[in-house]
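Common to both upcoming complexes is chain A, partnered first by chain B, then by chain C.
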Partner chain A sequence: MATIKKLLFLVDKPPYKSENSRLALTHAIASQTVEIHLEDEDNVEPVLAFVGDGVLNCIKGQKALDAYGITSLEAHIKNALLLDLKVIFCKEDLDKFGLTEDNVIMDAEDIGGDMIANILPFADILGEMEAADHILHF
Partner chain B sequence: MGKLAIGCFSSLVGSMSLDFAIKLSEAAIKKGHQVDIWLSGNATMLSKKGQRKFQDYSSLEAKTKDLISQGLNVTACEACAESRGYHKEDTLEGFNRKSMDYYLASCFNSDRVIHIGGE
Partner chain C sequence: MKLGVFVNQYTKTNSTLDRIKTDNLGIILVQNGVYHAALKENGKDSDILSKAAKVYALSEDVISRGLSPDKLDKKVTVVDYNGLVDVIFNDYEKFIWL
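Right, the complex of A and B next:
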(Lines of atoms letter the chains of each structure in order from A and count residues from 1; the text may use other names and numbers.)
(Lines give C-alpha, C1' and ligand atoms only; values in the text may rest on other atoms or scores of the structure.)
Protein backbone atom coordinates (compact mmCIF):
# COMPACT_ATOMS: atom_id res chain seq x y z
CA MET A 1 0.00 0.00 0.00
CA ALA A 2 1.27 3.45 -0.93
CA THR A 3 2.43 5.72 1.86
CA ILE A 4 2.46 9.48 1.44
CA LYS A 5 4.28 11.46 4.12
CA LYS A 6 3.81 15.16 4.58
CA LEU A 7 7.05 17.15 4.92
CA LEU A 8 6.67 20.73 6.12
CA PHE A 9 9.58 23.00 5.17
CA LEU A 10 9.42 25.80 7.73
CA VAL A 11 11.40 28.94 6.93
CA ASP A 12 11.90 31.66 9.54
CA LYS A 13 15.19 33.16 8.34
CA PRO A 14 15.39 36.24 6.10
CA PRO A 15 16.72 35.97 2.53
CA TYR A 16 20.34 36.41 1.43
CA LYS A 17 21.83 36.95 4.91
CA SER A 18 22.39 33.21 5.16
CA GLU A 19 21.92 30.15 2.95
CA ASN A 20 19.05 28.80 5.06
CA SER A 21 16.04 29.91 3.06
CA ARG A 22 17.71 28.97 -0.22
CA LEU A 23 18.42 25.49 1.18
CA ALA A 24 14.80 25.22 2.32
CA LEU A 25 13.61 25.98 -1.19
CA THR A 26 16.08 23.71 -2.98
CA HIS A 27 15.30 20.84 -0.59
CA ALA A 28 11.55 21.40 -1.00
CA ILE A 29 11.88 21.41 -4.79
CA ALA A 30 13.98 18.21 -4.57
CA SER A 31 10.81 16.51 -3.30
CA GLN A 32 9.82 16.24 -6.96
CA THR A 33 12.37 13.46 -7.50
CA VAL A 34 12.35 11.76 -4.09
CA GLU A 35 10.27 8.85 -5.37
CA ILE A 36 13.31 7.41 -7.19
CA HIS A 37 14.66 6.54 -3.71
CA LEU A 38 11.37 5.14 -2.34
CA GLU A 39 9.27 2.01 -2.72
CA ASP A 40 6.76 1.98 -5.59
CA GLU A 41 3.94 4.50 -5.10
CA ASP A 42 5.39 5.91 -1.86
CA ASN A 43 6.00 9.63 -1.99
CA VAL A 44 6.19 12.84 0.00
CA GLU A 45 3.76 15.74 0.09
CA PRO A 46 5.81 18.93 0.50
CA VAL A 47 4.48 22.11 2.08
CA LEU A 48 6.55 25.31 2.24
CA ALA A 49 5.65 27.70 5.06
CA PHE A 50 7.24 31.10 5.62
CA VAL A 51 6.91 32.60 9.10
CA GLY A 52 8.62 35.35 11.12
CA ASP A 53 11.47 37.02 9.22
CA GLY A 54 11.06 34.23 6.67
CA VAL A 55 8.18 36.10 5.01
CA LEU A 56 10.79 38.57 3.69
CA ASN A 57 11.83 35.83 1.25
CA CYS A 58 8.50 36.27 -0.47
CA ILE A 59 8.78 39.92 -1.52
CA LYS A 60 8.24 40.52 -5.23
CA GLY A 61 10.78 42.11 -7.56
CA GLN A 62 14.01 40.60 -6.18
CA LYS A 63 17.09 41.51 -8.23
CA ALA A 64 19.61 38.95 -6.98
CA LEU A 65 20.44 37.86 -10.52
CA ASP A 66 21.25 41.43 -11.57
CA ALA A 67 23.06 42.38 -8.36
CA TYR A 68 24.92 39.19 -7.51
CA GLY A 69 24.53 36.91 -10.52
CA ILE A 70 22.65 34.30 -8.50
CA THR A 71 19.11 32.95 -8.75
CA SER A 72 16.74 34.97 -6.58
CA LEU A 73 14.62 33.42 -3.86
CA GLU A 74 11.70 34.82 -5.86
CA ALA A 75 12.67 32.58 -8.78
CA HIS A 76 12.86 29.59 -6.44
CA ILE A 77 9.45 30.34 -4.92
CA LYS A 78 7.99 30.64 -8.43
CA ASN A 79 9.59 27.32 -9.36
CA ALA A 80 8.00 25.77 -6.28
CA LEU A 81 4.59 27.11 -7.36
CA LEU A 82 5.21 25.94 -10.92
CA LEU A 83 5.79 22.44 -9.51
CA ASP A 84 2.48 22.71 -7.60
CA LEU A 85 4.02 22.83 -4.14
CA LYS A 86 1.76 24.25 -1.47
CA VAL A 87 3.27 27.59 -0.41
CA ILE A 88 2.05 29.44 2.67
CA PHE A 89 2.88 32.87 4.09
CA CYS A 90 2.01 33.80 7.67
CA LYS A 91 -0.54 36.61 7.69
CA GLU A 92 0.45 38.09 11.05
CA ASP A 93 4.11 38.24 10.03
CA LEU A 94 3.29 39.87 6.69
CA ASP A 95 1.19 42.41 8.61
CA LYS A 96 4.11 43.02 10.96
CA PHE A 97 6.29 44.08 8.00
CA GLY A 98 3.48 46.06 6.36
CA LEU A 99 3.36 43.56 3.49
CA THR A 100 0.17 42.66 1.64
CA GLU A 101 -0.81 40.27 -1.13
CA ASP A 102 0.30 43.00 -3.58
CA ASN A 103 3.90 42.92 -2.32
CA VAL A 104 4.53 39.19 -2.22
CA ILE A 105 4.89 36.38 -4.75
CA MET A 106 1.39 34.95 -4.98
CA ASP A 107 1.71 33.04 -8.25
CA ALA A 108 4.00 31.90 -11.05
CA GLU A 109 1.69 32.78 -13.92
CA ASP A 110 4.52 34.41 -15.87
CA ILE A 111 6.31 31.04 -16.14
CA GLY A 112 3.15 28.99 -16.69
CA GLY A 113 2.28 27.98 -13.13
CA ASP A 114 -1.30 27.46 -11.94
CA MET A 115 -0.69 27.18 -8.21
CA ILE A 116 -1.47 30.18 -6.00
CA ALA A 117 0.32 30.86 -2.70
CA ASN A 118 -1.78 31.11 0.46
CA ILE A 119 -1.71 33.79 3.12
CA LEU A 120 -2.89 32.10 6.31
CA PRO A 121 -3.09 33.02 9.99
CA PHE A 122 -0.44 31.39 12.18
CA ALA A 123 -3.08 29.15 13.75
CA ASP A 124 -3.59 27.50 10.35
CA ILE A 125 0.17 27.11 9.87
CA LEU A 126 0.29 25.45 13.28
CA GLY A 127 -2.40 23.09 11.98
CA GLU A 128 -0.16 22.26 9.00
CA MET A 129 2.70 21.59 11.42
CA GLU A 130 0.54 19.27 13.50
CA ALA A 131 -0.59 17.43 10.36
CA ALA A 132 2.96 16.99 9.04
CA ASP A 133 4.88 13.76 9.50
CA HIS A 134 8.11 15.73 9.76
CA ILE A 135 8.96 19.42 10.10
CA LEU A 136 12.17 20.49 8.39
CA HIS A 137 13.07 23.78 10.05
CA PHE A 138 15.38 26.08 8.13
CA MET B 1 14.63 0.91 17.91
CA GLY B 2 14.03 3.96 15.80
CA LYS B 3 15.66 5.85 12.99
CA LEU B 4 16.76 9.46 13.42
CA ALA B 5 17.56 11.79 10.50
CA ILE B 6 19.68 14.79 11.44
CA GLY B 7 20.03 17.62 8.94
CA CYS B 8 23.09 19.81 9.61
CA PHE B 9 23.72 23.21 8.03
CA SER B 10 26.45 24.94 10.08
CA SER B 11 30.13 24.93 9.27
CA LEU B 12 32.58 22.68 11.10
CA VAL B 13 34.64 25.67 12.16
CA GLY B 14 32.73 28.69 13.40
CA SER B 15 30.00 27.13 15.47
CA MET B 16 29.53 24.18 17.80
CA SER B 17 26.43 22.91 16.01
CA LEU B 18 28.18 20.02 14.24
CA ASP B 19 29.88 19.04 17.51
CA PHE B 20 26.43 18.84 19.07
CA ALA B 21 25.04 16.85 16.13
CA ILE B 22 27.84 14.29 16.49
CA LYS B 23 27.35 14.06 20.26
CA LEU B 24 23.62 13.54 19.76
CA SER B 25 24.31 10.84 17.16
CA GLU B 26 26.68 9.09 19.54
CA ALA B 27 24.03 9.07 22.27
CA ALA B 28 21.38 7.76 19.88
CA ILE B 29 23.65 5.01 18.53
CA LYS B 30 24.52 3.96 22.10
CA LYS B 31 20.81 3.51 22.72
CA GLY B 32 20.59 1.30 19.63
CA HIS B 33 18.97 3.78 17.23
CA GLN B 34 19.90 4.14 13.58
CA VAL B 35 21.17 7.63 12.68
CA ASP B 36 21.44 9.30 9.27
CA ILE B 37 23.32 12.60 9.22
CA TRP B 38 22.79 14.89 6.25
CA LEU B 39 25.43 17.58 5.68
CA SER B 40 24.14 20.52 3.67
CA GLY B 41 25.43 24.03 3.01
CA ASN B 42 28.56 24.82 5.02
CA ALA B 43 28.17 21.59 7.00
CA THR B 44 29.51 19.66 4.00
CA MET B 45 33.00 20.62 5.20
CA LEU B 46 32.75 17.96 7.92
CA SER B 47 33.23 15.33 5.23
CA LYS B 48 36.22 16.90 3.47
CA LYS B 49 39.63 15.23 3.49
CA GLY B 50 42.85 16.89 4.51
CA GLN B 51 41.75 19.02 7.42
CA ARG B 52 44.44 19.78 9.92
CA LYS B 53 43.60 19.47 13.60
CA PHE B 54 44.18 22.52 15.80
CA GLN B 55 43.21 22.69 19.42
CA ASP B 56 41.40 25.99 18.83
CA TYR B 57 39.01 24.55 16.24
CA SER B 58 36.49 21.75 16.17
CA SER B 59 37.86 18.59 14.60
CA LEU B 60 35.37 15.78 14.24
CA GLU B 61 37.00 13.46 11.68
CA ALA B 62 38.21 10.82 14.13
CA LYS B 63 35.03 10.82 16.20
CA THR B 64 32.78 10.68 13.15
CA LYS B 65 34.79 7.85 11.57
CA ASP B 66 34.53 5.93 14.83
CA LEU B 67 30.73 6.38 14.81
CA ILE B 68 30.57 5.38 11.13
CA SER B 69 32.29 2.13 12.13
CA GLN B 70 29.43 1.67 14.63
CA GLY B 71 26.75 2.18 11.96
CA LEU B 72 26.35 5.95 11.64
CA ASN B 73 25.48 7.01 8.09
CA VAL B 74 26.87 10.39 7.02
CA THR B 75 26.02 11.93 3.65
CA ALA B 76 27.05 15.28 2.22
CA CYS B 77 24.98 17.24 -0.27
CA GLU B 78 26.72 16.89 -3.62
CA ALA B 79 25.69 20.30 -5.00
CA CYS B 80 26.61 22.11 -1.76
CA ALA B 81 30.04 20.44 -1.82
CA GLU B 82 30.73 21.10 -5.50
CA SER B 83 29.78 24.78 -5.11
CA ARG B 84 32.48 25.00 -2.43
CA GLY B 85 35.14 23.49 -4.67
CA TYR B 86 35.07 20.24 -2.77
CA HIS B 87 34.89 17.34 -5.18
CA LYS B 88 34.12 13.64 -4.93
CA GLU B 89 37.79 12.66 -4.60
CA ASP B 90 38.09 15.00 -1.59
CA THR B 91 35.50 13.06 0.41
CA LEU B 92 36.65 11.25 3.54
CA GLU B 93 36.48 7.47 3.43
CA GLY B 94 33.18 6.14 4.77
CA PHE B 95 31.26 9.35 4.00
CA ASN B 96 28.70 9.52 1.16
CA ARG B 97 27.77 12.26 -1.31
CA LYS B 98 24.23 12.37 -2.68
CA SER B 99 21.58 14.74 -4.01
CA MET B 100 18.94 16.45 -1.87
CA ASP B 101 16.17 14.05 -2.84
CA TYR B 102 18.17 11.28 -1.15
CA TYR B 103 17.91 13.18 2.15
CA LEU B 104 14.14 13.62 1.77
CA ALA B 105 13.85 9.86 1.26
CA SER B 106 15.86 9.39 4.45
CA CYS B 107 13.37 11.70 6.23
CA PHE B 108 10.52 9.65 4.78
CA ASN B 109 11.99 6.52 6.34
CA SER B 110 12.83 8.12 9.70
CA ASP B 111 10.87 8.16 12.93
CA ARG B 112 12.20 11.60 13.83
CA VAL B 113 13.84 14.41 11.86
CA ILE B 114 15.92 17.12 13.54
CA HIS B 115 17.59 20.08 11.88
CA ILE B 116 20.60 21.50 13.67
CA GLY B 117 22.27 24.77 12.94
CA GLY B 118 22.25 27.24 10.13
CA GLU B 119 24.37 30.33 9.98
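Right, the complex of A and C next:
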Protein backbone atom coordinates (compact mmCIF):
# COMPACT_ATOMS: atom_id res chain seq x y z
CA MET A 1 0.00 0.00 0.00
CA ALA A 2 1.32 3.42 -0.92
CA THR A 3 2.39 5.63 1.96
CA ILE A 4 2.56 9.40 1.53
CA LYS A 5 4.29 11.22 4.39
CA LYS A 6 3.32 14.83 4.70
CA LEU A 7 6.12 17.19 5.83
CA LEU A 8 5.34 20.71 6.96
CA PHE A 9 8.22 23.18 6.82
CA LEU A 10 7.17 26.04 9.08
CA VAL A 11 9.21 29.26 8.72
CA ASP A 12 8.88 32.11 11.21
CA LYS A 13 12.29 33.79 10.81
CA PRO A 14 12.98 36.68 8.43
CA PRO A 15 15.44 36.21 5.56
CA TYR A 16 19.24 36.64 5.33
CA LYS A 17 20.24 37.36 8.95
CA SER A 18 20.20 33.64 9.58
CA GLU A 19 20.17 30.58 7.35
CA ASN A 20 16.84 29.37 8.74
CA SER A 21 14.55 30.22 5.87
CA ARG A 22 17.08 29.22 3.21
CA LEU A 23 17.48 25.85 4.92
CA ALA A 24 13.72 25.38 5.08
CA LEU A 25 13.38 26.03 1.37
CA THR A 26 16.33 23.91 0.28
CA HIS A 27 15.27 21.05 2.56
CA ALA A 28 11.68 21.22 1.33
CA ILE A 29 12.81 21.18 -2.29
CA ALA A 30 15.35 18.43 -1.66
CA SER A 31 12.81 16.30 0.18
CA GLN A 32 11.12 15.61 -3.12
CA THR A 33 14.13 13.64 -4.27
CA VAL A 34 13.75 11.20 -1.39
CA GLU A 35 11.33 9.12 -3.46
CA ILE A 36 14.25 7.43 -5.22
CA HIS A 37 15.07 5.80 -1.88
CA LEU A 38 11.49 4.71 -1.16
CA GLU A 39 9.40 1.78 -2.26
CA ASP A 40 7.31 2.20 -5.40
CA GLU A 41 4.33 4.51 -4.85
CA ASP A 42 5.64 5.68 -1.46
CA ASN A 43 6.48 9.37 -1.35
CA VAL A 44 6.65 12.53 0.70
CA GLU A 45 4.53 15.64 0.29
CA PRO A 46 6.35 18.79 1.43
CA VAL A 47 4.38 21.91 2.35
CA LEU A 48 6.01 25.26 3.07
CA ALA A 49 4.23 27.65 5.42
CA PHE A 50 5.48 31.14 6.27
CA VAL A 51 4.16 32.70 9.47
CA GLY A 52 5.08 35.59 11.78
CA ASP A 53 8.23 37.42 10.65
CA GLY A 54 8.71 34.55 8.21
CA VAL A 55 6.31 36.21 5.77
CA LEU A 56 9.06 38.78 5.14
CA ASN A 57 10.79 36.08 3.07
CA CYS A 58 7.97 36.41 0.56
CA ILE A 59 8.43 40.05 -0.47
CA LYS A 60 8.92 40.47 -4.21
CA GLY A 61 11.91 42.16 -5.82
CA GLN A 62 14.71 40.86 -3.56
CA LYS A 63 18.15 41.82 -4.91
CA ALA A 64 20.36 39.63 -2.74
CA LEU A 65 22.33 38.47 -5.75
CA ASP A 66 23.30 42.06 -6.55
CA ALA A 67 24.02 43.17 -3.00
CA TYR A 68 25.30 40.01 -1.31
CA GLY A 69 26.27 37.79 -4.23
CA ILE A 70 23.94 35.03 -3.05
CA THR A 71 20.69 33.69 -4.44
CA SER A 72 17.65 35.42 -3.06
CA LEU A 73 14.97 33.73 -1.01
CA GLU A 74 12.64 34.92 -3.76
CA ALA A 75 14.48 32.65 -6.22
CA HIS A 76 14.15 29.72 -3.81
CA ILE A 77 10.43 30.32 -3.29
CA LYS A 78 9.93 30.45 -7.05
CA ASN A 79 11.88 27.20 -7.40
CA ALA A 80 9.59 25.63 -4.84
CA LEU A 81 6.56 26.76 -6.84
CA LEU A 82 8.18 25.57 -10.06
CA LEU A 83 8.47 22.11 -8.47
CA ASP A 84 4.79 22.25 -7.50
CA LEU A 85 5.33 22.51 -3.77
CA LYS A 86 2.42 23.87 -1.81
CA VAL A 87 3.47 27.29 -0.47
CA ILE A 88 1.38 29.12 2.11
CA PHE A 89 1.66 32.64 3.52
CA CYS A 90 -0.22 33.52 6.70
CA LYS A 91 -2.87 36.12 5.93
CA GLU A 92 -2.95 37.69 9.39
CA ASP A 93 0.82 38.20 9.37
CA LEU A 94 0.82 39.69 5.87
CA ASP A 95 -1.96 42.04 7.00
CA LYS A 96 0.05 42.99 10.09
CA PHE A 97 2.94 44.17 7.91
CA GLY A 98 0.65 45.84 5.38
CA LEU A 99 1.62 43.31 2.69
CA THR A 100 -0.80 42.14 0.02
CA GLU A 101 -0.59 39.67 -2.85
CA ASP A 102 0.74 42.56 -4.95
CA ASN A 103 3.86 42.74 -2.74
CA VAL A 104 4.59 39.04 -2.33
CA ILE A 105 5.74 36.18 -4.54
CA MET A 106 2.52 34.56 -5.66
CA ASP A 107 3.78 32.64 -8.68
CA ALA A 108 6.81 31.53 -10.69
CA GLU A 109 5.39 32.23 -14.11
CA ASP A 110 8.60 33.93 -15.23
CA ILE A 111 10.50 30.63 -14.87
CA GLY A 112 7.70 28.46 -16.20
CA GLY A 113 5.93 27.46 -13.01
CA ASP A 114 2.21 26.79 -12.84
CA MET A 115 1.75 26.58 -9.08
CA ILE A 116 0.30 29.57 -7.24
CA ALA A 117 1.12 30.40 -3.62
CA ASN A 118 -1.73 30.48 -1.12
CA ILE A 119 -2.58 33.24 1.33
CA LEU A 120 -4.47 31.51 4.12
CA PRO A 121 -5.58 32.35 7.66
CA PHE A 122 -3.52 30.89 10.49
CA ALA A 123 -6.37 28.51 11.30
CA ASP A 124 -5.75 26.78 7.96
CA ILE A 125 -2.02 26.57 8.65
CA LEU A 126 -2.92 24.98 11.96
CA GLY A 127 -4.92 22.48 9.93
CA GLU A 128 -1.80 21.75 7.86
CA MET A 129 0.10 21.18 11.11
CA GLU A 130 -2.52 18.72 12.27
CA ALA A 131 -2.47 16.92 8.93
CA ALA A 132 1.34 16.70 8.75
CA ASP A 133 3.23 13.59 9.78
CA HIS A 134 6.23 15.72 10.67
CA ILE A 135 6.58 19.44 11.36
CA LEU A 136 9.99 20.99 10.77
CA HIS A 137 10.37 24.43 12.35
CA PHE A 138 12.81 26.97 10.93
CA MET B 1 29.24 61.55 23.61
CA LYS B 2 28.74 60.88 19.92
CA LEU B 3 27.47 57.32 19.88
CA GLY B 4 26.54 55.20 16.90
CA VAL B 5 24.32 52.19 17.53
CA PHE B 6 24.08 49.39 14.99
CA VAL B 7 20.75 47.58 15.06
CA ASN B 8 20.78 44.37 13.05
CA GLN B 9 17.66 42.62 14.33
CA TYR B 10 13.98 43.24 13.79
CA THR B 11 12.79 42.96 17.36
CA LYS B 12 9.94 44.88 18.90
CA THR B 13 11.84 45.92 22.02
CA ASN B 14 15.43 46.81 22.67
CA SER B 15 15.75 47.65 26.34
CA THR B 16 19.37 48.79 26.11
CA LEU B 17 18.68 51.17 23.25
CA ASP B 18 15.62 52.47 25.10
CA ARG B 19 17.79 53.48 28.06
CA ILE B 20 20.66 55.11 26.20
CA LYS B 21 20.77 58.86 26.72
CA THR B 22 23.33 60.85 24.81
CA ASP B 23 23.46 64.22 23.08
CA ASN B 24 24.41 62.85 19.70
CA LEU B 25 22.92 59.47 18.96
CA GLY B 26 22.99 57.75 15.60
CA ILE B 27 21.07 54.57 14.89
CA ILE B 28 22.36 52.58 11.96
CA LEU B 29 19.93 49.98 10.67
CA VAL B 30 21.67 47.04 9.02
CA GLN B 31 20.72 43.47 8.08
CA ASN B 32 17.23 42.74 9.43
CA GLY B 33 17.32 46.04 11.31
CA VAL B 34 16.31 47.75 8.06
CA TYR B 35 12.74 46.46 8.53
CA HIS B 36 12.39 49.15 11.23
CA ALA B 37 12.64 51.74 8.46
CA ALA B 38 10.25 50.05 6.06
CA LEU B 39 7.46 48.28 7.91
CA LYS B 40 4.45 49.75 9.63
CA GLU B 41 3.40 46.88 11.82
CA ASN B 42 -0.34 47.17 12.42
CA GLY B 43 -0.09 50.58 10.77
CA LYS B 44 2.42 51.91 13.32
CA ASP B 45 5.98 53.06 12.75
CA SER B 46 8.75 51.29 14.63
CA ASP B 47 9.51 52.84 18.02
CA ILE B 48 13.09 53.27 16.87
CA LEU B 49 11.99 56.00 14.49
CA SER B 50 10.56 58.07 17.34
CA LYS B 51 13.89 58.31 19.17
CA ALA B 52 15.89 61.54 19.29
CA ALA B 53 18.51 60.19 16.94
CA LYS B 54 19.69 60.37 13.38
CA VAL B 55 18.67 57.12 11.72
CA TYR B 56 20.50 55.49 8.82
CA ALA B 57 19.72 52.38 6.80
CA LEU B 58 22.19 50.43 4.69
CA SER B 59 20.96 50.36 1.10
CA GLU B 60 22.42 46.94 0.26
CA ASP B 61 20.44 45.38 3.09
CA VAL B 62 17.31 47.27 2.02
CA ILE B 63 17.29 46.17 -1.62
CA SER B 64 18.29 42.59 -0.78
CA ARG B 65 15.04 42.22 1.11
CA GLY B 66 12.83 43.48 -1.71
CA LEU B 67 12.36 46.83 -0.02
CA SER B 68 12.58 50.13 -1.85
CA PRO B 69 14.95 52.84 -0.52
CA ASP B 70 12.47 55.41 -1.86
CA LYS B 71 9.70 54.09 0.35
CA LEU B 72 11.50 54.11 3.68
CA ASP B 73 10.40 56.48 6.41
CA LYS B 74 11.38 60.06 5.60
CA LYS B 75 13.36 60.28 8.82
CA VAL B 76 15.80 57.65 7.59
CA THR B 77 18.93 58.47 5.63
CA VAL B 78 19.87 55.69 3.22
CA VAL B 79 23.60 55.06 2.90
CA ASP B 80 25.57 52.50 0.92
CA TYR B 81 28.69 50.74 2.20
CA ASN B 82 30.91 53.68 1.25
CA GLY B 83 28.54 56.12 2.90
CA LEU B 84 28.48 54.01 6.02
CA VAL B 85 32.27 54.16 6.23
CA ASP B 86 32.03 57.94 6.07
CA VAL B 87 29.47 57.93 8.88
CA ILE B 88 31.69 55.71 11.00
CA PHE B 89 34.80 57.81 10.53
CA ASN B 90 33.25 61.30 10.53
CA ASP B 91 30.11 61.42 12.64
CA TYR B 92 30.50 59.30 15.78
CA GLU B 93 33.21 58.57 18.33
CA LYS B 94 32.06 55.20 19.58
CA PHE B 95 29.89 52.36 18.30
CA ILE B 96 27.99 49.49 19.77
CA TRP B 97 25.94 46.66 18.25
CA LEU B 98 22.56 46.01 19.82
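Points to keep in mind about this one:
As a working rule, the second predicted complex is superposed on the first by the 138 of 138 C-alpha atoms of A that agree within 3 Å, B and C clash if a C-alpha of one lies under 4 Å from a C-alpha of the other, contacts with A are read in each partner's own complex, and residues count from 1 in each chain.
Just so we're on the same page, a contact is a pair of C-beta atoms (placed from the backbone, for glycine too) under 8 Å apart; a residue touches a chain by one contact, two chains touch by 3 or more.
A quick note: this is a predicted structure, and the numbers were derived from the prediction, not measured.
For the composite obtained by superposing both complexes on chain A, the positions of chain B and chain C are free of clash and fit together. Contact with chain C, but none with chain B, is seen for A:Glu74 once the two complexes are overlaid on the shared chain. In the superposed model, A:Leu48 lies in contact with neither chain B nor chain C. In the superposed model, A:Leu38 lies in contact with chain B only, and not with chain C. Of the two partner chains placed by superposition, only chain C is touched by A:Lys60; chain B is not. Shared-chain residue A:Ala108: touches no atom of chain B or chain C. Of the two partner chains placed by superposition, A:Leu94 touches none, neither chain B nor chain C. With both structures placed on the common chain, the touch criterion links A:Tyr16 to chain C but leaves chain B unconnected. After superposing the two complexes on chain A, the angle subtended at the C-alpha centre of chain A by the centres of chain B and chain C comes to 90 degrees, rounded to the nearest 10. For the pair chain B and chain C, the least inter-chain C-alpha distance in the overlaid model is 12 Å. No residue of chain A lies at the contact with chain B in one complex and also at the contact with chain C in the other. Residues 14-17, 53, 56, 59-64, 66-68, 72, 74, 96-98 of chain A touch chain C in their complex.
Residues 8-10, 31-32, 35, 39-43, 60-61, 63-68 of chain C are the ones touching chain A in the complex. On the side of chain A, the complex with chain B involves touching residues 5, 7, 13, 18-20, 23, 26-27, 30-34, 36-38, 42, 44, 134-138.
Chain B makes touch with chain A in their complex at residues 5, 7, 9, 40-42, 79-80, 99-105, 107-108, 110, 112-113, 115, 118-119.
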